[in-house]
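So that we are looking at the same thing, I have put the structure below in structure tokens.
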Amino acid sequence: MYNYPTTIRLHHTDAAGIAFFASLFIIAHECYEAFLEPEVTFTKMFTELGVRLPIVHAEADYYRPLGVSDKITITLKIGNISASSFSLEYYFHKENDECAARVITTHAVRDNSTNNPISLPEKLKAKLMSL
Amino acid sequence: MYNYPTTIRLHHTDAAGIAFFASLFIIAHECYEAFLEPEVTFTKMFTELGVRLPIVHAEADYYRPLGVSDKITITLKIGNISASSFSLEYYFHKENDECAARVITTHAVRDNSTNNPISLPEKLKAKLMSL
Amino acid sequence: MYNYPTTIRLHHTDAAGIAFFASLFIIAHECYEAFLEPEVTFTKMFTELGVRLPIVHAEADYYRPLGVSDKITITLKIGNISASSFSLEYYFHKENDECAARVITTHAVRDNSTNNPISLPEKLKAKLMSL
Amino acid sequence: MYNYPTTIRLHHTDAAGIAFFASLFIIAHECYEAFLEPEVTFTKMFTELGVRLPIVHAEADYYRPLGVSDKITITLKIGNISASSFSLEYYFHKENDECAARVITTHAVRDNSTNNPISLPEKLKAKLMSL
């Protein structure tokens, strides 16, 4: 489990007054990048590890609206993990409040040069299993 | 069925060289807004129709990467439609190419003042049934 | 002179009800990309022409708010042009209305491999001089 | 002076491999919002203070590229301040590195209901003068 604190900012919202649905996917990916650091930055991933983790599926359920200045915590959990793919689950919470949204991203594991499916590098697998 | 032609722009892409996964949700929503016009703009929706159509679920499957300057067409189809919710399906295609991605958005139908579930206004229902 | 018609979409706006200031820079860049096509796409620019045109300065003046569903036209004009840099000016108009905003972008001309300043390739210069 | 630490994320970058120019305006605004909190959130601004601070001018100078995973600090300084407008300056730095970019935003001060120019509320003025 990994907790990522962040804030809903004005640019995440739209004229309906609350966070735009796509903003939650963007924020979830920030959580994913923050979780991987410092062992696995995106630069290191492409070069050192020679791997890409393209998102092949993403989904979100929206339970409660989030508004500008809302302080939230995203709890990141590992979902399914197989030889050459894995899923991550992101639970969005305002403080002392029920879950506002859940995002899921499913990643394939590909060689960065050939784009062929490969197994998860040990370093990444260990990192994911730490969740 | 409704076809929405558009182009992948630089800001849709990221340092991995292709369209960022969340960009496809943003582009799908542009297609949705363009489809509703001119009968139902977002301004009219909130005021004239007194309705909100919050997205309660969204998902995407990514089959093939999209790159900067790619000319694409989104084919919009109606999915499930019930008394107070409906789903839309967006199929992303490059010219003469297989489907690059599919996005689905599921919308609730709510009164804009009370936020209570209501039935789809006739004008909106007719528009959706035209797909 | 080049005219680019587009529409303010929900994701361009924020909870203040109008287009977020940074959205106009994003939309201006879409206009820039559309103008360069089909002779100069971003893919061609990096490969065929071996050039980068990094933005070294950008500015915007906001005269009138733009709202969701607003149909606008951006008029693109050439500003200063020198051996290894040029400026573009983007004037945002709603139909039959005064100028809503002006964006300016200043671009350096760099070799894509060495990142050294170079002269504008003839193809690009001709394109820019057509404005 | 106010320091805002943040990180360049994948969605800030584009296929040219570095941060997209408009991303820096978005990040600067996040810094602005963080600075104003907790005394002045955007919700409080519109309601409690009855004021809007629309950006009437924005500009950026880009000195050095920023890449994905770069840890940066934005130093926020007050620029000009007059009866009914003020400017903010945002200096972007990577650790132990020269300034990567400077953003400036100029804000008008308007009554949230009438949209007429008004004087800066004392609470806001004090906050700005603390920079």
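As written, the chains take the letters A, B, C and D, and residue 1 is the first residue of each chain.
Keep in mind that, in the parts below, contacts are C-beta pairs under 8 Å (C-beta built on N, C-alpha and C of every residue); 3 or more make two chains touch, one makes a residue touch a chain.
What you see is a predicted model; the values in this text were computed from it and never measured.
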item	value
Which of A-D and A-C has more C-beta contact pairs	A-D
Gap in Å, rounded to a whole number, between the CA centres of chain D and chain A	26
Distance from the mean Cα position of chain B to that of chain A, given in whole angstrom	22
Centre-to-centre distance between chain C and chain A (centres being mean Cα positions), rounded to whole Å	32
Residue numbers of chain A (touch at least two other chains)	10-11, 15-16, 20, 22, 26, 29, 42, 67-68
Chain contact graph, described as a line, ring, star, complete graph or other shape	complete
Residue numbers on chain C that touch chain A, as the complex places them	10-11, 13-18, 20, 22, 67-68
Footprint of chain A on chain D - complex, ascending	7, 9-11, 26, 29-30, 33-34, 37, 41-43, 67-69
Chain D-facing residues of chain C, complex	15-16, 20-22, 25-26, 29, 42, 46, 52, 54-62, 65, 105
